[in-house]
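One chain, chain A, links the two complexes that follow: it is found with chain B in the first and with chain C in the second.
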Partner chain A sequence: MTPEQQLRALPVVKAPDHIWYAIQAQQRNPWHWARAAAVFLALGGSALWLASRPAPSGQWIETGLTATRTIPIGSIGHVELAPQTRLRIDPNSYRMTLARGEIHATVVAPPRLFVIDTPSTTVVDLGCEYILRTDDDGNGFIKVIKGWVSLEWGDYISLVPAGASCSTRAKQGPGIPYFHDVSDSFREAVERMDTSAILSGARARDTLTLWHLLQRVPAAERPRVFDKITKLAPLPAMVSRERALQLEPETLRLWREELAWTW
Partner chain B sequence: MLYEAHKDRVYSLALYFFHGDAFTASDVTQQVFLKLMTSIVQYRGDSNFSTWLHRLVVNTCIDGTRRRQGKELPLPDTLPSPRSLESDAQHAEASSTILRAVSVLPPEFRMPILLRYFEGLSYEEISGAMNCSMGTVASRISRGHKLLAESLAHLKGDRA
Partner chain C sequence: MDLVKTLLFSALAASVCHGADFSLTFGPPVAAYAEGVVVKKGVTAAVRADHCAAPHTAAISGTAEGIDKGTRKSLPLVSVETRPGVFAILANWPANQKWLLVITATCGAASTSATVGTDNEGPIRETAKTYAKKPTATEVEADLKALSK
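Let's look at the complex of A and B:
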């Protein structure tokens, strides 16, 4: 038999029963919590109810100096608001506006269903969990815990995977993402967009940062960013230097798909 | 029932992707179905259900790979080939050999190879499940073939 025939002939293995019990237990958990919450409410925990009541769509929600609040996003997840946060929920879609403060979003939904607008970027959920912060000046920061997030602002798009963060600047949009385990000097170089320092400090995994940097530097600087990426990761056959330097969208997408396996 | 209909294929795909690691395969299967059950109400039929399910499996396996990054388990001497299901000893031996060869493929080639041959998906379906172009799928499968052939030759050499 050829390898392909052998692969086709691989048997389907029966999933162990304990998986289903674990799923049931996970599904039951919310009810345990709901019962516990009901008892708590009966004992006078109305403050808890106030903190978790359904959010009024279309209105601004503000948390106080020390208060937090959890808001369900339909049945696809929830958003936890930190103190001093101001958020609005669009009544007609899974869309919110974060004017200031910090939220922790946990979403399980098809990509691009849930969106948050901030003064410096639009955060498009690609199925994930993240912490998003924005200050009174409109500058922001995102830390992705699971999955991917796309930060979109005019022509700028920054794709941030789990384990990475990205700053956003008012009227400038998203910066370039970097992994949490980078050195302090590398992170500072990214924040001030110091191309030379970024290039000299990049590791193989930092092609995430370099792939974005390539699209932000002036055309004359692109060759040295390109060369650094190809030093860290072999150039895939379908990616040509010429097209990459011209920032041809399809070429960049194919290249990202290949690089992303190391991110 | 959704779980009954798909659990064995999801578990098997995860098991073969994670080098026969039954613990991780169970965890992936659990996560996939929890995500599926939570978000099924959002499924609007604008994409094939099988593509959506496979996309969940692929993403969960990739997340699992990321979590294991740097602490990749060594390959066991004998992969847990489902010998109990094999009536033919020669077939069981072939399954074990091909699984060892698949196990050493880098994840970016291992997943499309499994989707193509174990799951029987078309290039178009794989491209939907992996959220990449058909060109990328074709290139990865082609490179996966070459690596698989090298690996099989090596394994045969070891046995000889």
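Let's look at the complex of A and C:
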């Protein structure tokens, strides 16, 4: 006889009535729900606190393989840490160091107040929201969602407005920025600094890329970058070809201010 | 023949002058940036008073029109002049939505109006419309409807 057949062969016995009262009493007991709710709230609260507690200044913060964490930046915004991120907060200023991983920063503050150092650039916030990544080799990438940022490294400065991205290289600093809507071939040309390919693929909006390129190419190549920009956007009266080719700072600033209306 | 040339030149000059009327140009937040000017809130767009003989006298005012949690909202526009004739528009409305900026600008006795949609990245330039006078409520609703499509 199988176990199932043995089970079926057992006589049916009516359960004693008091067992039902006991079960109903258990179901009616509100303290069970209260205890369950208390445990749930305690667990939820702990998780929330762990995820958003103020970070200890001056110490390195690391997230695990799957953990994320949100850190308030005083009253000016917050930074979300992706998994496997290592970040340090300067105890004396709105300054952080991203050694590895990815952060999503949202900041509403006066320009230049919030700064993040990485192995390949210093990201200076100019009132915005952005995603910043750094790998173990010190190479990085920034994608700006709102406002704009300045990437600074020695003499190199790259200005990255909303809708644009920029790669950074360890010990070389920031590359040149480009808008998210460029073609794949244009993006690849920017990554390998292929001047001819960049010039041939540039649209009016890509004067952002060309204005930066002008300052990175050898002096002999500057005229053709200059000529391409002026083909895409008329040269403002206050900008002279000669001074622009000499990379005179005030001329470049005035030109950028004019070109920015097309970015 | 000289008379024809003169007439043609006069017509061309008139059209150029007409094209140089006081107008507004919209740009991304980066266009309003100026060294040393502190803007405390997030900038969502830049506006420039073009063809204004005295840019330091230019002024703008207006509203941001949009829908927040299903309710139609009209918020007064907050702006900061960062350079003569250049204004940073500060976003005082919920993020991640399209809003319509309705702007009236003056330069001396001249005035002009315009509407433009904005999103996270700044003004959506292809939605910009110029009005000779301040747009009516009906025109604003039509522009807002077109923006939400």
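Things worth noting here:
Rule of thumb we're sticking to: the second predicted complex is superposed on the first by the 218 of 263 C-alpha atoms of A that agree within 3 Å, B and C clash if a C-alpha of one lies under 4 Å from a C-alpha of the other, contacts with A are read in each partner's own complex, and residues count from 1 in each chain.
Throughout what follows, a residue touches a chain if its C-beta (ideal position, glycine included) is under 8 Å from a C-beta of that chain, and two chains touch if they have at least 3 such contacts.
This structure is a prediction, so every number in the text was calculated from the model and none was measured.
Of the two partner chains, chain C is the only one that A:Ile145 touches; chain B does not reach it.
Of the two partner chains placed around the shared chain by superposition, chain B is the only one that A:Ser75 touches, whereas chain C remains out of contact.
In the superposition on chain A, A:Gly127 makes contact with both chain B and chain C.
Of the two partner chains, chain B is the only one that A:Ala237 touches; chain C does not reach it.
Once the two complexes are overlaid on the shared chain, A:Ala219 sits clear of chain B and of chain C alike. By the touch criterion defined above, A:Ala162 lies against chain B and chain C together after alignment on the C-alpha atoms of chain A. After overlaying the two complexes on the shared chain, residue contacts for A:Trp261 are found with chain B and with chain C alike. Which of chain B and chain C touches more residues of chain A is settled by the count: it is B.
Overlap of the chain B and chain C contact sets on chain A: residues 108-110, 127, 146-147, 162-163, 257, 261. Listing the residues of chain A that touch chain C in their complex gives 108-111, 126-128, 145-148, 159, 161-163, 257, 260-263. By the touch rule above, chain B contacts chain A in their complex via residues 3, 7-12, 15-16, 22, 26, 29-30, 33-35, 37-39, 41-43, 52, 59, 63, 66, 82, 85-86, 91, 94-95, 97-99, 101-102, 106-108, 113-114, 117-118, 120, 132-133, 135-136, 139, 145, 148-149, 152.
Remark: chain A residues 1, 3-4, 6-16, 18-20, 22-23, 26-27, 75-76, 108-110, 113, 127, 146-147, 162-163, 236-238, 250, 253-254, 257-258, 261 touch chain B in the complex. Put simply, chain C touches chain A in their complex at residues 25, 27-31, 33, 38-43, 46, 48, 83, 95, 120-122.
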